[in-house]
Amino acid sequence: MDALELLRLNLLSPMVLAFFLGALAVWLKSDLTLPEGLYAALSLYLLFAIGFKGGVELSHTSARAIALPALATLLLGLLTPAVAYFAARRFLRLDGVNAAALAAHYGSVSAVTFLAALAFVQASGHKAEGFMPTLVALLEVPGVIIGILLARRSSSGGRLGEAFREVLTGKSVFLMVGGLLVGVLSGEEGMKKVEAFFVAPFQGVLTLFLLELGLVAARRLADLRRLGWRLVAFGTAVPLLHGSLGLMLAKGAGLSLGGGVVLAAMAASASYIAAPAAVRLALPQANPSLYLAASLGVTFPFNLVLGIPLYYALANGLWG
Amino acid sequence: MDALELLRLNLLSPMVLAFFLGALAVWLKSDLTLPEGLYAALSLYLLFAIGFKGGVELSHTSARAIALPALATLLLGLLTPAVAYFAARRFLRLDGVNAAALAAHYGSVSAVTFLAALAFVQASGHKAEGFMPTLVALLEVPGVIIGILLARRSSSGGRLGEAFREVLTGKSVFLMVGGLLVGVLSGEEGMKKVEAFFVAPFQGVLTLFLLELGLVAARRLADLRRLGWRLVAFGTAVPLLHGSLGLMLAKGAGLSLGGGVVLAAMAASASYIAAPAAVRLALPQANPSLYLAASLGVTFPFNLVLGIPLYYALANGLWG
Amino acid sequence: MDALELLRLNLLSPMVLAFFLGALAVWLKSDLTLPEGLYAALSLYLLFAIGFKGGVELSHTSARAIALPALATLLLGLLTPAVAYFAARRFLRLDGVNAAALAAHYGSVSAVTFLAALAFVQASGHKAEGFMPTLVALLEVPGVIIGILLARRSSSGGRLGEAFREVLTGKSVFLMVGGLLVGVLSGEEGMKKVEAFFVAPFQGVLTLFLLELGLVAARRLADLRRLGWRLVAFGTAVPLLHGSLGLMLAKGAGLSLGGGVVLAAMAASASYIAAPAAVRLALPQANPSLYLAASLGVTFPFNLVLGIPLYYALANGLWG
Amino acid sequence: MELVRLKLVTIVAEAVLEKRLLEEIRRQGAKGYTLTEARGEGSRGLRTMDWEGQNIRLEAIVSEGVAERILQVLQERYFPYYAVIAFVENVEVVRGHKYV
Amino acid sequence: MELVRLKLVTIVAEAVLEKRLLEEIRRQGAKGYTLTEARGEGSRGLRTMDWEGQNIRLEAIVSEGVAERILQVLQERYFPYYAVIAFVENVEVVRGHKYV
Amino acid sequence: MELVRLKLVTIVAEAVLEKRLLEEIRRQGAKGYTLTEARGEGSRGLRTMDWEGQNIRLEAIVSEGVAERILQVLQERYFPYYAVIAFVENVEVVRGHKYV
């Protein structure tokens, strides 16, 4: 199937459409809002389910099979924050703290972008390695921590140790890693019992979640206008860099084309769940509307709509 | 299957029973309540899912097939508020504003009554046209707006323009129309991805929602006692008028027997989601317990239990 | 399958693992919490679904088939509170009111323990009678009431009549009995309509609920440390007594091995939904951390992990 | 526009008491109330979430006399047994008659 | 640390009014607000839950003048028609400039 | 029944600060707190919902001295960086000892 056709398929998936529907609601000043409890409940479900499925797969994956991909992922966790940091300093001319805040976000990963990439790859007839969710868990933390460390170089204040604990025991990381453990331990046996809840309805739940995410992202666009085109450029260029980096490392680590595209999307994505909370606490001087507008207002929709098909096209070159 | 047997089947469906269970809870002074978040979440799910399914159907419906039924629906949107208005003036001897408020409710449509009719028709072995949800979206708005316009004749105050925006961008209309768009654009492809969430569990979710609705409706019955038997008469006679009107227009528009019964139930139903909010804002002088008791306390249960089977019996005459 | 293998299977089921994951979250001081609305929503779903499934089964169970098991259950409802009361007086040396509070909890039943037992029995290749949920409803109330009556002997204050109403019309009892009625009346017909929501995802929902329960239980352990080892001994010995009692009565009532294990687990379990609320209102002088720590902190995990497999092993002796 | 001085009584209590407290304050003469869900911690420790919810935060605008009586009732029947606190503030309202 | 005396205006209203009331208080000069969801009962009876939710409890810290004007607007456009109450308290804040 | 005059400190802050603020006020001597979830808008703009929730509204009944110290800490460590406000009111309580 050619990339254009896939782009169309991708754009017209219920998830992507729901995201724009949410944005439309803000634009039309509709009073649509999701009850706060629902938003938290959906996130909780998605994070645990991702972890759980990954864990079940992991339960019959040999250590050897995952070693290299895991290494590649950690490497991404080291490189991408650095890339983002310098891009922010040079190109956005930001002070150290704000640059570091962006680094933390772009060094981490967005679970929803990961899911979108997974769905896209399946729709394209390929298959990603079953252990990809494990890599998401691996990629989530280091970026945030490195981002915070980068900030230390240029300032002080905030509390480092606490920040680490916050990231590691934070809701989102805990749920995904926890789900992973439950999956590994209960294996296929356990999967049979709960897949009607954690697997079958998954994409539908994701659709509702993206509706909400569209609402949140669109509200961020207001800030964006204030922050100007440079941030938009940053929010699209950095994913491309990180995505390509992800592809090359994936290739090197011997992942399949499908796995490569997903890893690329993971690297290209910017966290808006784990990172913002941690950064807010550790780097209070950093301006939240800057990193939220960039990661949620620009990079997330960019990856969702253009990025993923693009990484797929590139992958066809590298793998085919 | 004869109407009586169907009446039994209808009464003993989990949805209808759940509604009465909710009422029973109020009557027994049980402390049963649904968390507010859950109520909003269920409504959101139901409205979006209705729209979505309708949209998917619409994506492979020819404009010609739906043109006449759509026209018939719009006609209902014009006639039913007028009928309700005059019935309220003459029979209930209400002032213009309160009559108009009732008109807005009985001119609009109740999504849940629509769903109950759909389920009933299926149980009876017939099939309604796939595009019926589109007609629900069409019928939801005009009635409310005409109701508000009718009030203008007899009073001023409230803000008209704002009222229109409120109805059109209001949560409920936005979600149903939004779901419709998502469905049209993503089509069967999209449906495959999310039906395990938006289709399979639908009637179960509806059952929970009706439990809550039973709670709310029963609380309204207190008001009813105050408002007296005339309101009960109004709340059962008007649906019969509107239902018959719906049947005739459906027949004229060439709908199937199934589609006819559903359209009749739509016409006979009174809104208690879109209308109350809009009316409260546009016609603050109107007494809410009046229109809520009528639509939710009388007309909804009447249609749920007796109305729908009745429209079905009539339809058998008209079509058979 | 031998008991040890089953113990393993049981320990590694997603539900049990989720429970410990929740406890782990507290232990790691993670900020994981479920939105309050979600907790209430899950309970509501589980209680109604249990009742509903039981009702559907009941709809094609002869009165004769269930008469004896029902009698046995009521007998348990009379005996177990008494056993618990004297154990609390003698062994824990508690005053009458606190002993009665414990009696109310251990005389009632924990719906989740019941479900865990059911799942365990299925996994072991056996089958419990379909009407077991009816017995849960039967067992839930008497224990609480007897507990409260026992307290009367040793003190006054609180309001008895009100306490009764509270138990009978309380959320949890009402939902389960209500679901039962809906199930009986709508039967298999109704089940077909809603099983995709109330049956298929059930164990998955239960897993999420146990995650939350793990959080709550772990928070209780703090109290436990204060209350000391005797309470731990009480919280494990009493279930064993009640479990054996349950097995014998089940055998006498002619239940299958599967039914016997489930009834034993029911008898052995301590309520932490219906009982705490009723006891708090009727016996305010009783110390809540005492009965909550015992039932939720000790007895629930004990039954979940060791108790159920143990009752199964015993049952194999009695039945095999 | 003349403002009337009244008392705002705020009660924070474990959720299980909702029904009873609403009765009590009505019986003492409160003409209305506003209730929000809350969490909290105090001398009786953290109120962890349960089926009944956690704490409720109950506000009633009442006359000085009614405020007195409400505190009296709490003092006698609730403070000794339940996790409850209450405090009183001065507030100014329009339409004073509405609350007394 | 010097504290500034300001007014805390609290409005409890049926949820459907949220958008309008936020506009109104902004127009009257409020620089911010805090909103919590609430249930309640009053002369217009219990606000049963509906699609729009039940009541909102809206707080704004404002200058005396702004407080006056907010009550004025409520008095004219809302009290007669809607389920709304409002009350005013004295509060002390740091950074008084932030609110005026 | 004699009432004791104490201070009610109310803090509205972005939800991510919950854990820290609870620590802070405890450290300054608060014997308890009541917390409700809230939304709001101020000089730092609308707090849109996120995974951590929006705002928290934190109340503590404390002695005048403790109130002073809490404001002090907020002034130094939180006002400059975070979306936080705080205000103090006079309240009357029964069982004054309970809060000091």
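Order as written gives the chain letters A, B, C, D, E and F; numbering starts at 1 within each chain.
The working rule: a residue touches a chain if its C-beta (ideal position, glycine included) is under 8 Å from a C-beta of that chain, and two chains touch if they have at least 3 such contacts.
Keep in mind that this is a model prediction, so the values were computed, not measured.
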Subunit C to subunit E, fewest steps along touching chains
2
Partner chains shared by subunit A and subunit E (touch criterion as defined above)
B, F
Taking each chain's centre as the mean of its C-alpha atoms, which one ends up farthest from the centre of subunit E?
C
Chain separated most widely from subunit D, comparing mean CA positions
A
Distance in whole angstrom between the CA centres of subunit A and subunit F is 34
Just the number, please: Cα centre separation of subunit A and subunit C in whole Å.
41
Distance between chain centroids, defined by C-alpha means - subunit B, subunit F (Å):
46
List the centre-to-centre spacing of subunit D and subunit F in whole Å, with centres computed as mean CA coordinates.
20
Contacts with two or more other chains, residues of subunit E listed in rising order
36-37, 89-90
Quick check: what residues of subunit C touch more than one other chain, meaning two or more?
31, 33-38, 40-41, 171, 200-201
Listed in rising order, the residues of subunit E that touch subunit D in the complex are 12, 36-43, 55, 57, 68, 71-72, 74-75, 79, 85-90
Interfacial residue positions of subunit C with respect to subunit D in the complex
33-34, 36, 39-40, 43, 171-172, 212, 216, 219-220, 223, 272-273, 276-277, 280-281, 284-285, 289
For the subunit B and subunit A complex, residues of the former touching the latter:
35-38, 40-41, 44-45, 48, 52, 165-166, 169-171, 174-175, 178, 181-182, 185-187, 189-190, 193-198, 200-201
In the complex, the residues of subunit F that touch subunit D are 1, 3, 6, 8, 22, 31-36, 61, 89-95, 98
Name, in rising order, each residue of subunit A that touches subunit B in their complex.
9, 12-15, 17-18, 21, 24-25, 28-38, 41, 119, 200-205, 207-208, 211
